Structures are given as C-alpha cells and as structure tokens.
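Here chain A shows up in two complexes: once beside chain B, once beside chain C.
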Partner chain A sequence: MTVSATRMPMPGRWTERRREAIAGYLFILPTYIGFIAFVLGPLLGALVISFTRYDLTAQPTFNGLDNYARLLTDTRLHQSYVNTLVYVAAAVVLMNVMGLALAVMLDRKLPMWLRTILRSAYFFPSLVGLAYVAIIWQALFQPDVGIVNYYLTQLGGPRVPWTTSREWVVPAVVIVDVWKNVGFGMLIFLAALQDVPKEVTEAAEVDGAGSWTIFRRVTVPLISPAIFFNVTLTVIGAFQIFESIVVLTGGGPGDASRSVAMYIYEQGFQSFRVGYASAIAMTLFAIIMVVTLIQFRVRRSWVFHE
Partner chain B sequence: MIDRPISRRTLLKSGAATAAGAAAVAALPTMAAAQSPAVPQVDGGYTPPAPDTTATLTISNWGDPNDQAVYSGVAERFKAKYPNVTVNDNFVPITTWTDYINKILADVAAGSAPDVINIAIEGVRQGISRDLFRPLTGWVGSDPEGAALVADVDQRLLDGLSQDGTLYLLPNTWNTMLIYYNTKMFADAGIERPSDDWTWDDFLAIAQQLTTGDGDSKVFGFVLPYFNFGLTPWYYSNGTSQLNADWTASNLTDPKMAESVAWIRDLVTTHGVAPHPQGADPYQLFPAGKAAMTGAGHWVVGSFQGAGFTDWDILPWPQRTTKATVYGVSGFAVHPGSQHPELAWEYCKLLGGLETQMGFVAIGGATPALRAAAQSPEFLGQAPNSELFYQAIEYALPVAAPTVFSTLDPAMGRALDSVLAGSDPAEALATADQEVSQAFADVAG
Partner chain C sequence: MSELTAPTGAMAGGSGPVGLGTRVRRSLPTAIAVTILVAGAIGMVAPFLWMLATSMRPATQAFDLPPSWLPWPARIDNFEAAVTGPVPLPRNMFNSAVIAIAIALGQIITCPLAGYAFAKLRFPGRNALFLILLTSLMVPIHVTIIPLFVLMRNIGLVNNPLALILPGITGAFGVFLMRQFFLSLPRELLEAGRIDGAGAFTTYRAIALPLAKPALTALGIISFLGAWNAYFVPLIFLNNVNTATMPIALVLMLGPNRSGNVAEIMAATTIAILPALIVFLVAQRWIVASMTSSGLKG
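Entry: the complex of A and B
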C-alpha cells in the first residue's frame, strides 16, 4: 500500500470528515463503555432487582411491589432519610458559604507564600484519607479528655457528649464532613474569583459602589456558574454521605446518625436483602435526580453566563 | 475491645441471647427435654473406612492462632490414622455467621463443598435451614466411639446443636457468663463473698461500695461486657428473653425486656457504677484493677494467666426473678454433599475427642464440652471454683440464636446504644422488634 493510495480522496465513506467523526467517536468510546458497564448497566440491574427478593445465594424471585411497600413502614429508613436531609441542608449551606468566605479572604493582596500556605492548609483535608483522620476526630470529640470539650469547658460551656448522644452526633458528623470538603469548594470559588475582570470591579468602584455592593452585584453574578457548580456537587455528594459517618460513628448511637447510603449498604451487603436495598437505592436515585433537575431548571433565573 | 483475634470468644461477642418470655423460661427446659435427641441404642453396625483410603477432606474452620495450633494437632493425628488422606484445613475470618454460611453456600454452589464444618450455635438454625449439616443420629447410634463422646456431654449442650430431636453437630467447646470479681478489692473493702443466690440489689450495693475515686484514680464497681452474649444474662435473670420459647417470634416488646435494658443503662447513668461502654474494654479494666467486677466466660482465663493477674474469683450471675445465665456452644458437622462422609465423621470424632478438648484446656480458652476434660485436674487447677463453669449448665439457657440471628444481633446492639444515648428503652426495643419481626416474616415468606 502506498502513501498516495491512502491520501486519495475516497468517494462516500472515507471522506476526511467521516474519518474525523469516527476518530472522535473512538476517543469518547471508552467513556461510553465505562458509563454503560458501570453506571447504566448496574442502574438498570438494580431497577430489576428491586422488584425481587434476592439474598445473593439463591436465585432472585419476583415479588412485585413488596419492597416498595416496605419502604413506607420501615422506621429505620425514615430515620435515615431525616438524617440525610439534615446533612444535605447543613452541607450545602455551610460548605458553600464557608468555602466562598475562605476564597474571598484568599482573593486579596496577600504575600504569595502566605496565600500558598493558607490555600494548601484549607485544601489539605480533601486530600487525606478520612479513615486516618477519623481516629484523630474521635480523640478530639472524646467527651472526658477530648480537646474540643476541654476548650468548651474552659470557656464555660458544657461537656458535650459528641458521638454518644442522639442530639450531638449529627452536628459532630456535619463538622467533620464540612471540614473535610470545604477546601474543594474553596478552590473552585477561588479560581472563579481570580477570573473576575479587575476592570469591572474597578469601574463599579469608580461609580461609587461600596465593597459589599460590588461583591453582591458584580462579583457574585460573575462567579454564579461556579456557585451553581459547587451547590449541585455538594447536594449530590451530601445525599450520598457515607464514609464520614462510617468512620466516625458507624451510624450510631442506634440509628441517630445513619444515612440512607449506609442503610442501603447494610441492607444489601450485611443483611443480604439485595432486592430491598435496590428499592431504597431507587428512591435515593429518584430524589437526587429530581433535585438536580430542579436545580438546572432554576439555574436560568440566577446563573449568569457571559 | 478484645486483646486477641477471633477465638471461642467470638462465639460470645456475636452471641445474642436467648430463651423466652417469663413463662417461657420456666417452660423451656421442659421443651428442650421433649426435643432432646435421645441418645440411641448403639448397634455397633458402623465400620470405619479402611486405613489405606485415599481421599481429600476439606474443613471449613475458624479460630485464632492458638486454636489453629490445636486444630493442626488434629490434622496430624488424623494423618497418622489415614496416611493417604489429604486434609485442607481452611480458616475463614468470621464477620457475621450469615456471612460465614454464605461463603460455605458459595463453595457448595461452586462444586467445592467442605466435608466438615465448624460452626457455633448462632449459625446452627440458619445452617440447618440451608441444608448444611448431615444428621449425626445414625452414626451416633451405630458407632460406639461416637456414642461414647455424646454420652459424656451434658444434654443441654447437645440440645443447642440439635433441632427437633436430631443431633446435627458434635460438640466442641462452650461458654457461659459468670461474674468475675477482684478478691483483693473485696477483702480490702471488707466485703464477704456473696452467696451463689445473690440478687441484683446485692450486686448493686457491692458495686456502689466499690466505685471510688475520680479522674485517673477512678475505680468502677463493675464494667459491662457490652456485647449481646454478655448482656443476655440480665434478660434471663429477669425471667425474659429477646424471643419467644421456640425462637419463632420476637419478644422484645415484653416490658421485662425494657426493664432489663433500663437496669443496664442505669448501671452507667443513674448509679454510675460502670463506665460508659464506649472505649471501656472490660477485659483490660478488670485485670488492671480499674473495675472490681465484670462478666465473662472461661475464655478470659488464659489471658488473665498470661498477664499474671490472679486476684480474682467467680460467682454465678445475680438474679432478679430467676437464677439464670446464658450459654453458647460450637460444634462440628458433616456436609451432606461430602464425597467421604465416613472419613468426615472420623475427623469430627477427633475434633470433638478428649485429646483436642485437652488442647483447648491447655490454651485456657472456652469450657470443654466433654465432662472428662472439664473435670480434669488440668482444667480445675486453672482457677478457683472452676467447677462453677460446667455447673452453670444446670441453670443456663441457650443464647437466642434463631434463623434471623444476623438481624437480631445488630438490632439489639443498636437498641442498647440508642438507650445509652438517651432513647426510651421501650421505644428503642420497639424499633428493634419491628426489624426482627420483619426478618421472621421474610424467612416465613
């Protein structure tokens, strides 16, 4: 085969355009294969299994809507959903407000080295494995000798039973989860803030706007795509909260800090009720999908695109 | 909470509890007697396999390194008897008994069923319901060696390994819960050894007297063995249980259950005689002199000896309405799909035999099931009042180990945690009750 032969424009299928298209498809093929094999396939599989009774050893048997009927009366599930909604609300508000606040503090005239140190310090928790730092957090939260309670009582506060009482265990999980993830949001906000053109804010300043007004009327609209991105991500992430709770409290005491994702895992892989676990997973999937669709819908009213 | 890995102690930690409602406690022994596998007449018709038999035996086993050493001794003795038989002694880490059973079922489905299965009472009902065990009654009736082993074991231990009068497992070792107390601390405080029929109130008074100090010098009167098997005596000695008499339904809404759970909580909160169980390992605090009493089976004796701790003695569990405690037993079964059932049975006899039992005595583990081992000077010489361990079977009831054990055990754990965190006992138990009842319904459906 000669070079000229391959260069020859072939009529029909082998036009340059076609070839580019095929190359393009080949490039995205791995992603699609991955999506079908590891996302869509299991999703459809879980949907089918959710209508069966399946213990992993015997063949699944069809049991209609039994699993879905059970969702309505399962008080442990209801408790897990209440906990999860609290996590979502707390995580979305705290992570985004604090992430933005940290980013604004860093987006000012600071010596380069100081900014690097602070940025790394805030981002660092996102990098370390939670399983390791959970041990430290448990020690910090220890009711009698923990540092958190030491300072609380020094300041005249009460001795808080962080992980052993029903009232305080959810706040304890929220603190650890926010600490863990706030740096990631901060980094995205910071990148967005640094992209805000200086001329625009300076123009506003010249026009007599105060710094709060500039922030609210100029900066926030300009970084609204980053806000949208962060909010969407934290909502989805918070609905699936799992690791932070497993390592800190194991879902306890009782079910006081259990999340839906943990409950799905327990039902599926500890109690071997795979059909029921799949039905719960379907409800969680549906809720996350609806919430995300709503977010995309209302996005038009507040997210500013240049 | 435990200082060495899986051992017979696991049997206890994972152990749930047991027996029956108030009336049921009284009724149970009768019922058990009615169901007892009457040791059949031995007809001597059994012929053991020829010594030159060639085969491979697979054992589904579990245990800590000390146990493994005892079991490898069994494999060697078997090899001497059957030199052409290869033994694969597979040790499986136990997370839950359901998980262990599922692993065996997966092996069965993959065509590599084990010949011999070592399992504890918690997995027996579940194993029987999944056809994992071949009935042993035939062999026990025709093999004088097997009959002799069974005859030397208390009937109640055999009951724990039987269903509807059929024996499925040859007993290994067993455990019960007794109160361990620090003899030096009792003497220093001028407290006499209480009678064997002491009550909850006697217990509390002593625990209060022995709770002293503050901060680093704090000493507690008691430290809770905070796992289902260890908490169960508080239910049984109050004349109640997590389940009905035949283990087919939850009894968690019995007010006496709530009363027992409130009592456990009050030891920590109202009375303050026991530390919060989180981070309080009874088997470190007690030998360290940080707690004057705790509850345990024989399994701690080896580690107390190893630590040079000798200032202790044992007492039966205190009673409220009933003198009662809990027991759990493990045993060896032959899988029905075994290609060499007679060889597997021969192996089981070695596993459950006197030499193996004495091996467990030597490592200071659980109580041997054979009276010959439990009455040996080696066993009785290990601790003061050692005879109380085997005698406890007279008033002990089996740990509640229904087919839905893997639901019951964690549900009880959550209920207790929740109560210690401030929930109402009756409410927490109602949640557990819903879960356990649903699991029973699932099994039935």
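Entry: the complex of A and C
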C-alpha cells in the first residue's frame, strides 16, 4: 500500500508536467512564429543582403565586404552617426533629468485636481504620434511667422532659424523629442517615488541628513530600477529617431540633422543601394545591442535590489 | 534639480523648532515647484491649443501675430476642406482604423497567451526562450525593413494593409507587459483551478484571463495607438494615396516644400490626434498603471 501510494503519483505527475510543458510551447507558438517570420528571419536576411550588391529588382550578387569597406569612407554616414549620437545623448540626459525633476516636484501633497491636470498635461504628448507632433512644431518653428520666435523676440531673444540653419536644426529636433517624451519618464519616476517608504527618508532626516543628501543617497538608489528602465528605453528609442526629422528639416540643411535611420531609408529606398543600406543597418543594430548589453552589465553595480 | 532642493536643506538646518522648520520647508518649495510645473504644463499644452485655434480660424489668419488663442467665432470650413481635399482623408482614416484595430485584437489574443506561459507554466528552455524574444526589442525596424519589404513584395502584399497587420499582431513588448501582470497573480489562485483536473488552457481561460482585463485593456490601447501613430513602416509598404494611413496622408498634405494650407493641415491633425485624446480621457488610469508596473518590476 505505502509503496504504491508513494509510487502511484510519480507517473501521473510526470505526465502532468509533460502536459504543462506542451501547453507552454503551444501558448508561445503564435508569438514565436511571428518573431521568427518578422524579426529573426528578416534580421538574418539583412545580414545576408549586407554582403551583396542589390537594387531590389535584379538578383543580388555577392560582393564580399565591399559594403562594409565603404562604411569607413562615407562622410555622409559619419555625419549621420554624429547627429544620431547627439540625439541619443541629449535624449538620455534631458528626458531622464527633466523627467525625474518633474516627478520630484509632483511627488508632494497637492490638491487632487491640480495633480491630475499637471500629470495629464505632461503625459498626453507621449500618446500622440511623433509625425503629428512634428507637423504642429514645424508650424510653430517658422522663422518669421511661427509663435516660438514671436514669444522669443518678445522676451528680447533672437529670431532663430530653427529648421533651416546648421546650428539650430539639431536643437530643434531635440526640443520636439524631449517635449514629446519627457512626460512618460516623469510617470515612471513618479510611480517609483511613491513606492519609496516614507519611514526610510524620515529616518535619514532624523539622523540630520539634508534633503539633497537624502535624495542622492536614499531616494535615487531606491528608484534606480525605474531609472535603469527609462534610460534603456530612451537609448533604444533615440537611436531610431526618424519621422520628426523628416517632417521638421528633411535631414537638412545638407545632412546637418540627418539620422542614421533616415540615411538607411534614403540609401535603401531612394537610391536603391540596398546591400549598402543593409550594411549600415547592421552597424546600427550592433551598436544598439552593445550599448544595451553594457547598460545591463553596469546595472549590477548601481541598480539597487532588495 | 539642485537649485530646487538645495534651499530646502539650508532652510532645514537654519530653523529652530522642528514644527516651524518643517512647515516653512514644505510650503516654500511647494510654491516654487507648483509655479515651475504650471509654467511647464502651459508649454506642454500650448502647441495643441495653437493647433486647435488655427484649425478653426480662416486660413488667412493662420499666422497672425500675436496668435489669437481663442478662435471665436469658431469655423468648421477648414475641417470640411481637409476632408474633401485632394488627399482622401476619410479613406486614410479608415485604413488607419482597420490596421490599428486588427493589430490591437491580434495583440490581446497572442500576447497574454505567451505572457502567461512565460510567467506561470513550466517547460524546458522557458527563460532562454523569453530572453531571446526580448532581444527583439533591441532590433530596430530600420534593420529588418528591407527583407520585410522583399518578403511582402514577393507575396504580393505591397499596398495591402496585411503587410502592416501581419508583423503587428504579436510583439515582445506586449508579451513582456502581460508576463509582468501574470507574475503578480498568486499561484494558489491558479492551483485551485488545477485541482478540478482542468488543463492549462482551461485554467488560463477561466481564471487567469478574466483577472487580466485591466492589463489587456492597457495592451489593446497601447497597441492601437502605436499602430495609429506609426509612420515609418506604412511609408515603406503603402505608396499610394488611397492605401496610405493618416500620418502619411498628413505629411503629403504638408507638401514637399511645407507649402500646404496650414489651417487645413491643423484641422486634419486635430482629427488625427482625436483617438489619442479620447483614449487618454477614458482610459488614462489603466495605461498609467500598467506602464508604471512594467517599469518598476522590470
């Protein structure tokens, strides 16, 4: 009896486990089919095409590392990469610092209605498409009739050629990008701040720590997972910046505001140098992957875990 | 930020009685903080107000300076002109709606299935498969777009909404979001269903899925808006004004030299932003809750 009682469940349990495993595979099957057909497959496809000469109509012909050799001497590509790195740096610093500052200011006792209105005002633009947002801003940025320059000159500032001058196109793109996305970061940080136990900060206060010290030494470590999450998202997003530039400046003047994503589009779908466009795309993918992996590496040293 | 918090510390150090000190310290920075927040909020809302005001003013007054923020009397002829203009906006809006609804439906079917499996079912290779799937968040669409275009062209789907719908009906982000949700469900709740001898799918259908309604709502809305707002992929697959989606149509209206009629363009942009506004007013709570929880536990 005892033997069978301990033994009996074994096969039953085993098949139950097996059933659960089969169910697991079936559950992820639709997603994995999509993943292989539309992400993994095309990624490998892009890798193969990057070693060929291809114009979308004739058969691709293998040309070894020619496309990759060309990357090194293409000054237009280098300009696009410089611009893109500026966009990434500006996005990461501004969106996170400003998002956190907004969250800190909002994380206090305020009347419910005021809090809701403020939070909504900052968060709403992140739900609106970047193309739509850029269409509004290109009108606001008009040099002579746009309201940005109107209020700027009213305050005694200069009349800025936002979308036409080499010096100002990159700041203009950054302004629109930050304006649109800062509220999302604010929301993430606000939720994290509200999870910081009040006893911890009060204890530090009793010990005589100043507000800045408490913020630096207690609050920031406690919300570091949220900071990490938001920084990772901003980096990946900013490397792919595209439509706001198309609408605001068209990449110009010259290539002064062109991003790598725009350059890939131009090479692949306008100049039909598809092999070369794929080689550029592979470098973009490699850079995003390396940067993200570095972030996850560094994460261990600064992100707080309970 | 240091300017904001530094005075706080100085004031706390200098004040005598604790009660007075904390009161002064709390009230003063709050006044400063609210002032800054309100000023910033005006900057966030102003572009939309200008869009709305311009859409209701005669085109000749679109660039009046100073701008008149209250378009009174309100006129709707810009909206009429935009909708009946050379760019077939109603058609474009219909295209956008079909694609966005199909994608949202696909996501709320496929993503919770996979998210549930990765959170609650045990099978060999589970964590590795989840991590591999997550790496797709690092793959820019600009990298995969050329092979995708070749694929869609070869199966004859260029200028067909399916070219956008098929790759959109599942996604790593949605799976991640749903997994986060299901991880928070206590195991005992699901065990109760299993004791009755129910299979994994029954447990999922009968117990897990109904509990996931808020997360599903958020996922549906986020994927709807994502598709509604998308510009790059439609730009590749839809190269005809009749198959184009809203963002493509609006950029077409803007014209290559940005010479389009501003009042009409702002009217069209107002229409395009409307779904985001409605969603925002109706479902803000769910989106906020699910987005923030994904960030905190991630």
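One rule holds in what follows: the second predicted complex is superposed on the first by the 292 of 306 C-alpha atoms of A that agree within 3 Å, B and C clash if a C-alpha of one lies under 4 Å from a C-alpha of the other, contacts with A are read in each partner's own complex, and residues count from 1 in each chain.
Operating definition for what follows: contacts are C-beta pairs under 8 Å (C-beta built on N, C-alpha and C of every residue); 3 or more make two chains touch, one makes a residue touch a chain.
Computed from a predicted structure; not experimentally measured.
Asks: Aligned on chain A, chain B and chain C: do they clash or fit?
Replies: On the superposed model, which is not a single observed complex, chain B and chain C fit side by side.
Asks: By residue count, which of the two partners contacts chain A more extensively, chain B or chain C?
Replies: Touched residues of chain A are more numerous for C.
Asks: Considering only the touch criterion stated at the top, classify A:164 as touching first (chain B), second (chain C), both, or neither.
Replies: A:164 sits against chain B, while chain C stays out of touch.
Asks: State whether A:173 touches chain B only (first), chain C only (second), both chains, or neither.
Replies: neither
Asks: Just checking: does A:105 make contact with chain B only, chain C only, both, or neither of them? Give me first, second, both or neither.
Replies: Once the two structures are laid over each other on A, A:105 reaches chain C alone.
Asks: Rounded to whole Å, what minimum CA distance do you find between chain B and chain C in the overlaid structures?
Replies: Checking C-alpha atoms only, chain B sits 5 Å from chain C at its nearest point.
Asks: Shared contact residues on chain A, chain B side and chain C side combined as an intersection?
Replies: In chain A, positions 56, 142 sit in both the chain B and chain C interfaces.
Asks: Can you check the complex and tell me which residues of chain A touch chain C?
Replies: Those residues of chain A that touch chain C are 17, 19-25, 27-28, 30-32, 34-35, 37-43, 45-46, 49, 56, 97, 100-102, 104-106, 108-110, 114, 117-118, 120-125, 127-133, 135-140, 142, 145-147, 150, 179, 183-184, 187-188, 190-192, 195, 210-213, 215, 225-226, 229-230, 236, 239-240, 242-243, 246-247, 260-261, 264-265, 268-269, 274, 277-278, 281-282, 284-285, 288-289, 292.
Asks: Quick one: which bits of chain B touch chain A in the complex? Just the residue numbers, please.
Replies: Going through chain B, the ones touching chain A are 96, 98, 102, 105-106, 109, 276, 278-279, 406-407, 410, 414-415, 417-423, 428, 431, 434-435, 438-439, 442, 445.
Asks: Would you tell me which residues of chain C are touching chain A in their complex?
Replies: Counting only chain C, the residues touching chain A are 1-2, 4-6, 8-10, 12-13, 26, 30, 33-34, 36-38, 40-41, 43-45, 47-48, 50-51, 54, 63, 65-67, 109-111, 113-114, 116-118, 121-124, 126, 129, 133, 135-151, 166-167, 169-172, 175, 199-201, 204, 225, 228-232, 236, 247, 250-251, 254, 258, 262, 265-266, 269, 272-273, 276-277, 279-280, 284, 287-288, 291-296, 298.
Asks: Would you tell me which residues of chain A are touching chain B in their complex?
Replies: Listed in rising order, the residues are 53, 56-57, 70, 73-76, 142-143, 161, 163-167, 169, 252-256, 270-273.
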